[in-house]
């Protein structure tokens, strides 16, 4: 079983481009929105992690675009955590265009742990994060 | 005589909206670009000011839109410093659509000085800035 | 009495800047969010107007910044329509930082009517808009 | 031999985030800047393609982040076309932080051809694009 969060949103006019659809780069904002909603739901928000002494910058993003979202359409972001043994946070994202019922995009982003103090990479999963995984019943 | 900087730029596709023109909010990015070019030309860049101990956040922006800029068009930003006795930095901006020859927008932004350390407002113009004004021959 | 809409939102990480607060230009996105919520509430959305044959571009924006919004803080946008005899749509905006209780910004934006077909300015208020104002009890 | 374009740019303040570095999603803007510079250099700009009757939306993006770019730093985008037999445009991107000499990110984006008229996918490489490839000496 995977932890998962779903949120819905209306596309902003400022997010469209001259093709009349959401500009492709804005999907990384939607992924971020999904990630933050996940953090809120499961008690692992950006600021929680920051207060434990870590930044979690993105080191890899992949976006697969399947169908566009037009201005005025409503969409859903499904954010699923992919369990990982490594000192990484991996999320999978799926954006559904609720106005057409079609998948608009799928994607993945990988985050690592950096010490806030030294900005050095953490090679081992921080304790607080292991504890959180245990609490959530994540086996890996 | 006023200090003035001119830069030219091509509009980004990601800056357009579903009307096919530059989204109005992006003009504040153009103003910022003009401001940074000004700082570079006259030795008063954001980081110069920061290293003197000050942030200079915007406290007021005004934009008057006159004519659109389409994707593929080239534009010019004219950034003019408006001398001020107060502890403020005031710039006037003019965006010219070079592809049509028309004024696209005019505007103004007012910045204040905040201490980096305390984030408190500086009521008096910082010494380094008075020195810079003198060096530039700004009389007020 | 003025028509008014209120919405709440969490600040996006991507909306912050290197000062650690929401980048000033993003307030125009918040104004847009407020405007769209207003349109939804009172039946005068962007696409409703578009289907009547009009674009309503912004011709003037003013933003007054009072206090910052940090990442992780929640905010409220109050969007109030200012009745106008002219062929214009005028909204006033107030952004409240709900985490501090302080006003973060106030502002105004003025929109005009352009024909979708000709992109020419409408000097007279379009009929559909007069009808909508009557229905809403707007006297001017 | 691969066709390649290099451009340099200064990071915008509005492109940074609360970690003090360029927000990861903005790299897709840099990729777009690289792509547009490529199009300008080799006579295959977005609007050239559009006037031939095609949109070329992104269907896949990958970004690998290696090291951050801070505000005030200068960067270079190297955009390299990857020859493809399919009806696709594939670019590889490399962003170098010129202030540190380090690679900041690498990535790839794949574009397809859509008919402007029908918005349907073109399964065969359009003739104009085959002609352009021949003219450029691209063998595949």
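In order of appearance the chains are A, B, C and D, and numbering begins at 1 in each one.
Note that in this section a residue touches a chain if its C-beta (ideal position, glycine included) is under 8 Å from a C-beta of that chain, and two chains touch if they have at least 3 such contacts.
All values derive from a computational prediction rather than experimental measurement.
Using the average of C-alpha coordinates as each chain's centre, C ends up farthest from chain D. With A-C and B-C as the two chain pairs, more C-beta contacts join B-C.
A separation of 34 Å divides the Cα centre of chain A from that of chain B. Centres computed as Cα averages put chain A at a distance of 29 Å from chain C. The mean-CA centres of chain B and chain C are about 24 angstrom from one another, to the nearest whole unit. Within chain D, residues 13-14, 25, 28-29, 32, 71 each touch two or more of the remaining chains. Of all residues in chain C, those touching chain B in their complex are 19, 24-26, 28-29, 32, 55, 57-65, 68. Of all residues in chain D, only 10, 12-14, 28-29, 32-33, 36, 45-47, 71-72 touch chain B in the complex they form.
Considering their complex, residues 13-14, 16-18, 20-21, 23, 25, 70-71 of chain C touch chain D.
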